[in-house]
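Each of the next two complexes has subunit A plus one other chain: subunit B in the first, subunit C in the second.
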Partner chain A sequence: MPTWLMLALLAILILMPVALILISAFSSSTPRPGSIGLSGLTLENFKILSSHQSVTALTNSLVVATSASVLAMFIGGTLAFLAARTNIWGKAVIYFIGIAPMFLPSLVGALAWSLLAGPATGYLNLLTRGIGLGNLFNVYTMPGLIFVLALYYAPYAFLLIHGAMTLMNPDLEEAASVHGGSLGKILSTVTFPLVTPAILGSGVLIFALTMENFPVAQMIGTPGQIETLPTFIYRLMNSAPARGNEAAAVAVVLTVVLIAVTAIQQRMVMKRNFTTVSGKGMKPRMMDIGKLRGVGLSFALGYFALAIVLPVVALLLASLQSSPYVSNLGQLFGEDALSFWSLFQTLQSAAFLDAARNSVMVAVCVAVLGAALAFYLSYIVYRTKTPGRKSLEFVAMLPLAIPAIVMGLGLLWTWLVLPLPVYGTIVVLIIAFIAIYLPQGYRGMSASILQVDKDLEDSAVLLGSTRARAVSYVTLPLMKTGVMSTVLLLLMLAMRELSAALFLFTSNTRLLAIVVFDNYDNGALRSAASTSLLYILVILALVVLAKAFGARATNGEAR
Partner chain B sequence: MKVTLENIDLKYGDTYAVKGVNAEIEDGHSLVLLGKSGCGKTSTMRCIAGLETPVRGRITIGDQVVFDSEKNINVPSHKRNVGMVFQSYAVWPHRTIFENVAFPLQMKNLGKKEITERVDEALQLVGLDGFQKRGASLLSGGQMQRVALARSLVMRPSVLLLDEPLSNLDARLRDRLRIELRALQQKLNLTCVYVTHDQGEALALADRIALMQNGKLAQVGSPGEIYENPASASIADFLGVTNIFPVLTNGHPGTYKMAEHRLELTTVDDTPDGDAIKACIRPEDVIVSAQRPAADSNNWAGEVSVASYQGSNVRYLIELDGGPAIEALVSRRDGPPAGKGNRVWVTASPSDIQILPAEVA
Partner chain C sequence: MKNILKTTTSVLAAAALAVTAGACSAPKTVTLVSKAESLSTTSDLVIDGQTVADSELFAKAKAEGSISLYSGYVENSEKEVIKAFTQDTGIKVNLVRLVPNRLLERVLSEQGAKKLGADVIRTSEFSSVSAMNKAGAFTAHKVPNFDQLDDTVKNDGGKFYRVFDPAFTFAYNTALVSEADAPKSWQDLLDPKWKGKIGTTQVGAGGSSASLVRFQLDALGEDYLKGYAAQQPRIFDSSGAQQESLSRGEIQVATAVVSSVNIAANNNAPVKFVVPTEGFALYDYFLGMTPTAQHPAAAQLFMNWNLSKRGASVFSQIGEYPADSTAPAPTVMDVQLPAMNTGLPRRGTPEDLTRNGKEDQATWNRIFGYIG
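Right after this comes the complex of A and B.
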């Protein structure tokens, strides 16, 4: 495939949706078949930005994203330090706790926490009421929203910081030790400065991800009347008639904020990327933290309970309880209070089975096609001297700075305008997910291609093989782990995605995430809970399957 | 086969990596491209392999023109029948040794029996017989180098390219393989092109040496010619001549004044034109004695500032009175070594002092 064809593909996948959002923001009509809505250019749409609602939404978004990323980094960073650099017991367990919440979509986490800590009926409130303390919890508040986001974004901080800490050359610290540094001094003058780029980088990444997060904001924030930019965009699009042009204007603002933040992150990562990795095999020093081991272990277990155990228990209770309303915990222990009826009902329902099939189909296609596209792109960028390859890279990385919900909107308009019968089919979901996760796929593939010495491939060509044959005989087999990990990453991301699908699904192409979201929206909590449980099981099954093919779960995660 | 490079220009972006390189390698001969890192030697080699595309010039291997910028000929790498041993060896770690070496033959679609025979033969040649089934990731550096060599030899290449073939090996293995490589090249009558930055390696492996500086050929000749008659002071410096002093003509033919010093020196060398001329003296040509020598020129007194015992010889750094510091390499046969602070006399024969321009014009 020649490079210009690749450029055309990326233009349709990424540039056109972005362009249509921009055009709509300055237009009085939204794109529709036969028209991209260029008529009637106006600045009218931006008036909405001065409204009280917009200002509140922007402020809320900034406050939520800032606090959630600080909290997430505290959790993830502490766990990473414990797992990577201390003599704590059960390091493998700590590592597992650090990444496990990734396998729980934030949508499901939000649902579980609204079941746990809903103001009157949450299980935790039932518990505290039962022992006479009254209702203590209300997750539908600003702190609640921040807390839930931090819980499910802490793994990103964990992965990045853990990576930086394990790759650190122990010589650097030993040098400080030889020259007279105490443990505290070494930590403060060598260890932490060296991982600063990773810490800052993950902080900004989490800020961007929480800022654009829609499911948690919608499920926790909206009941508590806390609106953020993504939920504001969603509300504008869902009002009758849809206020698409104003939604586009808000989307432009959200995107500008994220582009600014992402640019800062990229600069930090680029500028302060200390090479602490050398080719030699090495083992970082483990620090003796003595009595703090107990504290550290309790911290990790506490996090695990809050992020995984309590939510899963809540989902189980909610899907097993026979009566939809429970006013005290005692009710749950009565005869016939719990049954698998609802769970089996869900398992057999057409809605669940169709959605599960759609989800798996979309995720597998996105993983395979997305990885193939990402490989081809990284090959062009890192293995050829094609002119314009840097602009290919730029376009491929662009979706990183564009919120999924905004990309979803842009893709909706793109496929309404393009004269291909794609809109309303499952194909449009596959295309959309490939587009929004191209940066992650591209990162994974290029990291992996860079690890394979170019000489290995060139030597096959000199020994008489064609370039394509050399790639398949030498380069791809050597990249196997990286390729499989990228496939697994894309599989996971596509399985979890809700925001980008919101404007693109139809009643025939519902995904599991959509079913959960719809059930919750309609108040069908039991059905939402049982679907969520099965949803988690499907994700786990896919992960186990992918790992059997040699993928590593944590390679090149969303950096 | 005979290899010819004509007027090769290679550009990376706007800068020339290789400029106007002409070279001819006779059939069965070896050419060593010698120079500092970044001088364009590896780039030149990669042009022969077809891994880089020059902007200008012509490359011929045997009777076949493999590259010609004017006629738009550019034979792809896999059809050039060029063997190459990469600096990293590029032995595929996920394949066995047999699979590595058999690859070029499989690409030629040879039969199983012939492949096995030729692979065995090649492995025998490099001394790895019996290693066929081993995984390539478990080899030592020297073994990897042999696998890479066998993999290239098995295809019976028109020309064999070796990029820093010995640089990743330890010193003793390097000495042994140097001789083995030279013996193999002569036995198989292979046309070889080596790239190295190590002058000792170049002298040992080459029929001819092409010395490169800044993307251009600075001097081409037999190892003896290059060693005895470097074309410039910077080439002499690169070849291990450590005593290089800027000098000025003082009107009398054959005598020069050392710049910034009072000392004079006498030589039989012709005076080259140009302002920047330098006197070059090999440390092994510097004679150190305790008494004033009988010679009537180039007699300098000085004091030993460093004496470094090296087993077969001693290396001195001597501060000349009113002059520069000079390095001398003295055989241990020449009596007990002088110590730091000893007063000594230093002399050099007029025929051992070369007056060279700083750079090749």
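Right after this comes the complex of A and C.
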């Protein structure tokens, strides 16, 4: 596919929605089909940025995103290192723990943590009150928000760093070791610098994702009056009458900030050569961390308990409770206090079954098509000298900087205007999610393409193979771990997405995330909890299936 | 990894077994909306002695079989309405439920693209429904009892109707607050004992909040809001989320919509609403039919039914005040709500809300130090 065709594709996927948002930011009226024009240009919308409120929201967002990324990268990076490069016990378990929280959408995690650590009646508070310690927890605080975000974004760091660590050429460490380097010295001067692209990549990714995360900010931050940019934008969009123009103005600023962050990271990746996979055979060296194995294992198990076990238990309890009010944990064991009735109701309801079908269909299509597009794009950018490839990359990374909720609105306008009959169908959701997750797909693909030596593919071409054949027989197989991780990543992301779908779904194309959020927003918490539980099971089933297809290739776990 | 999956699968299987073996009984609930007292579907559709559709319209509507409804009404309540409607007519309703503000955006965008997917649209707030009307989202339809309805009900020659008004007051958690201790008036909420234990929705959360704030400023004054803000209430973005928080006991007293309290109590939540001595706010819900309806006959029938006596009775049983001024005030959870002429229910008129909306919002945000 020539570059211009790719550019045209990206223009429709990404540039057009962005343009509509931009017009909106500088316009006095919201651009809608039938009323798009450049009349009424104004800078009035940007006045909102100087308000005390926006400054607070921006500051909060920066604090939350920075702290959550640092914490998430610490958790994810530690687990990745343990699983990929050490002689810890149960590496498969560690790997599983590292990615498991991806099965839990942040929306569901936030819901579960508000059940667990809500003030006064959170289950953990009932527990501490039961043993005479009083109410200890309140998740509706800044630390609470950071904590929940970090829990559910750590797997992104884990996946990217783990991928890089398994692909690392051990010769370099070997050499350091032969020359007398200590473990700490090798790690800090050889191992970690080598995975810099992955660490930086995941850092920027998590920063951007947590900064634009809406569900957690809305469920945990809003009740504690902690305003962030996404909830601010959501409120502007949701106010009466909707203030879409000002929301777009705020979004433009957020976009500029995130583009700057992306650019800095870009410069660091581009100026150096991080090739670590070459023609030589390799097997990552396992480091002996001795007594630290126990510490590492408890760290992993502790994380697992906080991210998965406790939330699932909370959701289960909430969906079984016959009354929403519980004064102490003992009450739950009373007669008729718990019933599976609601869970069964949900399981049989058409709303749930339709939503589950839609979610799965969307996720699978997004994973496959999105990964293919991302690979092609990375290939053009990193492996060809095509003019304009930098601009391709810029466009592909753009959605990362635009809050999904705003992008969703831009996409709504785009697909209402375009004369293709996809609006109102499931196709528009697939298109939207591919557009929104292109940066993640692209980042995953390019991180692994950067690690595969270009010479290998060129040798095949020199020996008479066509380029396409060389790519599919040489480059792609070498990138297998990276490719499959990207597919899995996109699958999970698409399964979890809420914000972008808010403006695009119809009654026939509701997704599981929409059903949960609507239930929460409508105060139907029990039904939100039971749908959440089943939601997790659907995701789990999907992963098991995906594993059955490409099981051993998906990762570098114990082979 | 494989082993883990195997283990997970077997654990899940065991859990599934436990589920089937465990208690599956439905929790105790009462039927919220009762069946029509009399129903004739043989030729004309006659419900409770009133003709809702003649035989021709009814036959066409039945042939169409379903309608698509875009609604900004509380989902649980809308589902009760749909249940009753389908029971009466056999016509199914496909519901797209969105909060009113998002619904407005959706309707305007779809209408602009000439792809409006709704047959009928229900939303709150006069400004929203007017904006939809201005965009051409509605077509005039005269319901059979058009002439009997007063001018606050029918709008623009039947393009849209005010159908009912929910009552916005406050409620308390009965497990945490005894009836004797419960606040009886809005002023009672300023008692220091409620500090940090009360809630409210933010002014921009929708037409309901705007109407409540209008009522509070009008009947209780700006100082009242200052006093309320000093109580450090938890501020919610949606009344649904606030209701759930009250049911769970995270807060003890909160502003609440009577029909939502009714539905929550029906689901075993320990909550009860209060009829304050100073009165409470009513806010409007409107209904209109679209010009591009895919199921025009069924849509007309839905309009007729909503504005019929039966419709009024259904909304009344849910806990709303029917727009039809001849219908009695609702009785909810064994409490007879005051009639309109007592002056206690205060409906914010569209003109009043439009005139004060912006300023009220600014005032509220300033007093509560809120971003919006």
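Keep this in mind: the second predicted complex is superposed on the first by the 427 of 559 C-alpha atoms of A that agree within 3 Å, B and C clash if a C-alpha of one lies under 4 Å from a C-alpha of the other, contacts with A are read in each partner's own complex, and residues count from 1 in each chain.
Keep in mind that, in the parts below, a residue touches a chain if its C-beta (ideal position, glycine included) is under 8 Å from a C-beta of that chain, and two chains touch if they have at least 3 such contacts.
Computed from a predicted model, the values in this text were never measured in an experiment.
Of the two partner chains placed around the shared chain by superposition, subunit C is the only one that A:L525 touches, whereas subunit B remains out of contact.
Of the two partner chains placed by the overlay, neither subunit B nor subunit C lies in contact with A:L5.
Legend: residue contacts after superposition of the two complexes on their common chain; A:L456 is shown touching subunit B, with no touch to subunit C. In the superposed model, A:T222 lies in contact with subunit C only, and not with subunit B. In the superposed pair of complexes, A:V417 makes contact with subunit C only, with no contact to subunit B. The wider contact with subunit A, measured as residues touched, comes from C rather than the other of subunit B and subunit C. In the superposed model, A:L43 lies in contact with neither subunit B nor subunit C. When the two structures are aligned on the shared chain, A:A350 is found in touch with neither subunit B nor subunit C.
After overlaying the two complexes on the shared chain, residue contacts for A:T466 are found with subunit B alone; subunit C is out of touch. With the contact threshold set out at the top, not one residue of subunit A is in contact with subunit B in one structure and with subunit C in the other. Of all residues in subunit C, only 1-5, 8-9, 12, 19, 22-27, 68, 74-76, 94-97, 99-102, 104-106, 108-110, 112-115, 117, 125, 127-128, 131, 173, 175, 204, 206-207, 210, 234-245, 247-250, 260, 264, 267-270, 357, 361, 370-372 touch subunit A in the complex they form.
Those residues of subunit A that touch subunit C in the complex are listed here as 30, 32-35, 53-54, 56-57, 92-93, 95-96, 118-121, 218, 222-223, 225, 227, 231-232, 235, 237-242, 244, 322-327, 336, 338-344, 409, 412-413, 416-417, 423-424, 502-503, 506-508, 518, 520-526, 537, 540, 544, 547, 551, 557-558. Within the complex formed with subunit B, the residues of subunit A that make contact are 453, 455-456, 458-467, 469, 473-474, 477-478.
Interface residues of subunit B, counted against subunit A in their complex, comprise 49-51, 76-84, 86-88, 90, 92-94, 103-104, 107-108, 148, 151-152, 155.
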